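Encoded as structure tokens, the structure appears first; notes follow it.
Chain lettering (A, B, C and D) follows the sequence in which the chains are written, and residue indices restart at 1 in each chain.
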Amino acid sequence: MSQPILETKNLSKAFGGLIAVDKVDLKIDTGRITAIIGPNGAGKTTLFNLIAGVYQQTSGEILFNGKSLKHFPWYARAIKPGSNKKIFKDKLQRHVSAHMRASLGIARTFQHIHLFGNMTVLENIMTGQHTRSKYGFFGAALRLPKARQEEELINLNAMKYLNMVGLGKYANQNALSLPLGQQKLLAIARALATEPKLILLDEPGAGLNALEKRELSDLIKRIREMGITAVLVEHDMPLVMGVAEWIIVLDSGKKIAEGTAAQVQKDRKVIAAYLGEEVDSAEG
Amino acid sequence: MLAWIKKKWNYFAIAALLIFLILIPFDWFLSRYTSLMIIIGISTMVTAGLCLLMGYTGQVSLGQAAFYGLGAYFSAVLSKTYSLNPWLAMLIAALATGAFAYAVGYPIFKLRGNYLAMATLGIGLIMWILFNQLSQYTGGPDGMSGIPYLSIGGFTFDTNFKRYYLVWCFCLAILFLSQNIVRSRTGRALRAIHGNEAAAESIGINVNQFKLKIFVLSSVYASLAGSLFAHHLRHVSPQPFDFLASIKLVVMAVIGGLASIWGAIFGAGTTRFLSDEVLLGFNKYPQLDIIIYGLILMLVMIFMPEGLFIAIKSFTFWLKVNWRELPSIMKRKRKELPNQMKHIFRQLLLMRLWRKTEP
Amino acid sequence: MSADQFVQYLMSGLTQGSIYALIGLGFTIIYAVTRIINFAQGEFVMLGGMLSYVLAVKEGLSMPLAIIIAVLAAAAVGTVMYLLAIRTARRASVISLIIITIGAAIFIRGIAGNRFGVNTVSPPDFTGSGSISFLGAYIEPQALWIIGITFVVTILLYLFLSHTMVGKALRACAINPGAASLVGINTKAMSLIAFAIAAAIGGIGGVVIAPLAMASYNMGVMLGLKGFVAASIGGFMSPITTVIGGVVLGVVESLAVGLDWGPFTSAYKDVIALVVLLLILLIRSGKLAAAERAG
Amino acid sequence: MQKYLKFSLVFILAIALVAVGTISCGGGAQEEKEAYKIGALFSTTGSQSNLGVPEENTVEMLVEKINADGGINGHDLEVIIYNDETDSTKCATLANKLIEQDQVLAIIGPTGTGNSMAIIDAITTAEIPLVSCAAGASIVTPVDERYWIFKTPQTDKQVVIEIYIYLQSINISKVAIITSTSGFGQGGKTYLESEAATYGITIVDNQTFGSDDTSMISQLTHIKGTDAEAVICWDTDKASAVVAKDMQTLQMTIPLYCSHGIANQAFIDAAGDAANGVIFPAGKLLVVDEIPASDPQKEVLTNYRDEYLAAYPNESISTFGGHAYDALYLVVDALENMEEDLTLAESRAAIRDGLEQITDFVGISGIFTMSPEDHLGMQPGSLALIEIVDGAWTLAQ
């Protein structure tokens, strides 16, 4: 198997006293639909936010395509590696900011959908194409030919993704006028529009009816066929078991098990963890 | 035919707008409003920048008059004291103001909402005090006069008639550029920031950078407007760039409907027309004009917070949709009116109760 | 500067600071509860000052009575302003609320100018003029009144907020309006109370300031801004921090005059105060941004 | 975009309608002799409203009087007064409005120096006479650039010199000056600094304050630390009163000299007993009862004061109204000497020439003799040194 697209080495995140993510080692293999499950407060969303760069880890490393998601700002580059100032230099190390990660190819959706309510459905997706187009203020202001071409391209791609999630006919509606299920699809389409290598889906199934869930799961499969690695955090077990090829189980910030659906279901710790608080997971 | 006109409507609109604007300063038309229209044009330029910043990007600035003033003073000082070519002075002014805005904005745009408002307000006040205090350059509170006219080759803009066209060329140019920006990748990024910063970050938009860029752009607009203002009046004093001026600019932007570039003309137009034409009728009674001004501000903000412009727009749209039913609606409304009054009255009376029952 | 000069600067700084603090308190209360920056606060001060003069001198009421009526009137105006202008503006944005309060300010100023005329007036001092010597510095009795009343008002406000049911409800709204309404606190009523209190404090401010610094129908503009700066320096957090903010502002201004070196002259004292404001805003920017997200 | 355009279009048509409306209303009924139209710009609101209001009152009062007395050569006098809100941008548009829309023959005002400077260009290009009511000397100098501009109030320079001469006479040489950051204060500051040397005065301390500041204690403490023999304060009534009171508080014994900006009752009311002993130069209006009957201004001053107080019982007399009085009567004087039925441009030019030829016009602020070299034309001896004793104005010895 090729190198994992995403790898975390004893990744930890603490909010004040409480440790949300505790020394987690993950390997997300390229092109394999992976689900991260776990009872409430297991630190799934925090993990996502760490990977997406919303939070910055207290310790540990995140490797994307084998490259660390940290970098040295220009003023630190001067210092030669291995020089005696190295420790000092490490202090200057910065995390790659969220928007940079997006252009590197990490896309994500949100638990609360976070669409742009002040735009139409189409514009939402066109905005997703942001990192895939270049022209700036002047190009825009003066309507340079290059800008026009890019706009046309953006438009085409946007329609493509829109049709892919089957929202083509709503293109010019306000994004928030759609029902919840379609809003979720739209959010996924917007994430896809950034043409990512890795897409993080945060509870895509929450609040969908059976039909919509079925649509969702084959959308996820189609995403895989596009060569994009999908990782989802999900409470809905049937959905997870149906779609995920690899499942990672978190409990109170620690990874307690991973494997295929079958393996995980048999795992003692997992059962314990869930039986521990069915109630919560039921309402989650 | 009619359909064709409908299809090409906005071209007709542009044409009509241009013809109208071109005709205004002629004696047989509205020459009496030439000077007012010059000020409106200048205000529109500042307002357009404010619309980009506030309406599209959702960032508040209560200090815009500072950049307006910087433009005016840079032009005035460079072209008078150091007798530079006015156009060159204008260019330098724009660049310098932009640089200043960048330097100031870089730290400030870490703040949001009300705190951003406070910070920008602070900047505005500081600049205003400096305009007053650095009298060896600015001429102090009474300002400096004798600023040269703008001129191209032998052609000098020495009458309102000429300056009118100069200002409106600048103004329309800025409006069209802004329009293009809004309807582009950049514009979408700005609206994305307004819509939801987290989501914007997640799709690779560098939020802080864009905020800063648009802030600088709006300050450059303001600076250009200021330069034109200086060369129009040929006198600058700190007073037109004080706190109240910043507020008046915001008011223009809001009345024009924040998220609409063309609303800027409307906003600047109505506000100036109101204060310089309509309210003058009321100054027989002491203070009545500012009383009315205050009332209008409140009423507009309370009942059409999305701006007068948008309100009129939606109302006419509503008319277009059901103008046939209008009479019947009127009848119904008249029937309902007493009940509604009673309802409102009850609400006011039993406010406590009413509030409790409210969700 | 000599020692007793230094004391003098501190004293006048303290006096000014108390004035700013008194005005800033109004900003803080309203902001904390409603997240509105009320630019009409200065006008409440003006109303207090002008009314106390009109009632005491023109109408010939006894000073205490005039003061009470003036303060109550200011509070009433604040309440009405909230009910008619703020409450009716549903789900308005930060900016439109700011403009509404500014509109209200202009409106009130206009009415005052129309009713009371445009001349500067000065009500009589509470307890005679003249001056008291203190550590080689001199101070007016009225200044002592200002400092004292600011102190008292702050303490009372603090006790009110921390020891009464309503006060606790107000603080709950300040910390998290959503949660407050969930636990059954009527946030609208709380906003109303906040406006009333703020206006009353503004009125008190006007009443005590006027004998020292005169009153005129457009005094509210500058005083409002100064109070606003004081409140911002205090971070719009609590009465105490606001008072600290006000005193910092006053003392900085006063010492700037005393220092008389480079930019630290009387000409630039306001600039210095504003720079202090900006620095504080920027230093606390991280926390403030978080607060804005929460609020 | 298209809807926005559509509605900016709607808005524009609205303006057009209003405009056309005003045009149609414009042509009123014609009398046998049409009224002389004069424009006036006063700051009746905003920071200078306490100057602008008496000016407006005076003009309204005088217009009634003049028309009651049968107008000017049978023409009624009509004065169109606009409020510029102490806002120079608005002032400029209003000036253009008076010139282009109302087609007035001449303009009096504006109240403030800043506003006056802001409209000079419009006035000069439109070739219409302006008689400003503001103090700044730069309004009428250099006179060759100010062909169309006149003014009535004495300049700050004259007032400063008046004070310095007095200080010389009682041989005080070290003074501290404390001026406001307003236009008025800065104007005074300039001349206080520039003229000091000429009269052997040294400025040992130079403080400023904001006109709305609530205390000058700090600045005065600083002055107290110097060896100044007198304090010269330059601002309008409110802040000057604060200075007077704070000096009393600090128990400063050195005398306080003020500008003509405090020449109204408000200062005495505000400063209370701290006002006693304050000396300031101003027009003779305030001490009209004390000036000798031989003084040519006596009659004019007395009449004006009595009429004003009769017309506005709850106002108090102030010299700013006097500036408007002079401005209006200078124009009226020019109008009386103007021959009939000239075109607008001609009559404007005629009025300007008339103004420039005025000699020995007895006004409130002084006696005016205009000339092509001097568009203020105020003769020496127009100022009186006034001392406040027991809360009343008296001539200082």
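Please note the rule applied: a residue touches a chain if its C-beta (ideal position, glycine included) is under 8 Å from a C-beta of that chain, and two chains touch if they have at least 3 such contacts.
On a predicted model such as this, the values are computed, not experimentally measured, just so you know.
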Mutual neighbours - chains that touch chain B and chain C alike: D
Hypothetical removal of chain D, resulting connected chain groups: one piece
Relative to chain D, chain with the most remote C-alpha centre: A
Interchain centroid distance [CA atoms averaged], chain C/chain D, Å: 35
Mean-CA-position distance for chain C and chain A (Å): 49
Gap in Å, rounded to a whole number, between the CA centres of chain B and chain A: 40
Distance from the mean Cα position of chain D to that of chain B, given in whole angstrom: 34
Where chain A touches two or more other chains at once, by residue number: none
Chain D: positions in contact with at least two other chains: 44-45, 53, 181
Where chain C touches two or more other chains, by residue: 110, 113, 117-118, 221, 267, 270
Pairs of chains, among all present, that meet the touch criterion: A-B, B-C, B-D, C-D
Contact set on chain B toward chain A in their complex: 177-178, 180-181, 184-189, 191-192, 194-196, 198-207, 213, 217, 259
For the chain B and chain C complex, residues of the former touching the latter: 54, 60, 62, 107-108, 110-115, 117-119, 122-123, 125-126, 129-130, 133, 243, 247, 250-251, 254, 258, 285-291, 293-298, 301-302, 305, 352, 355-356
Chain B contact footprint on chain D (complex, rising order): 1-12, 15-16, 19, 44-45, 53, 81-83, 85-90, 92-94, 96-97, 100-101, 113-114, 117-118, 120-122, 125, 136, 138, 145, 181-183, 185-187
For the chain D and chain C complex, residues of the former touching the latter: 44-47, 49-50, 53, 181, 207-210, 212-215, 217-219, 221-222, 224-225, 237-238, 241-242, 245, 248-251, 264, 266, 269-274, 314-316
Chain B partner contacts - residues on chain A that touch it in the complex: 52, 54, 97-100, 102-103, 107-108, 110, 114-119, 123, 126-131, 133, 135-137, 139-143, 147, 150-151, 154, 190-191, 193-194
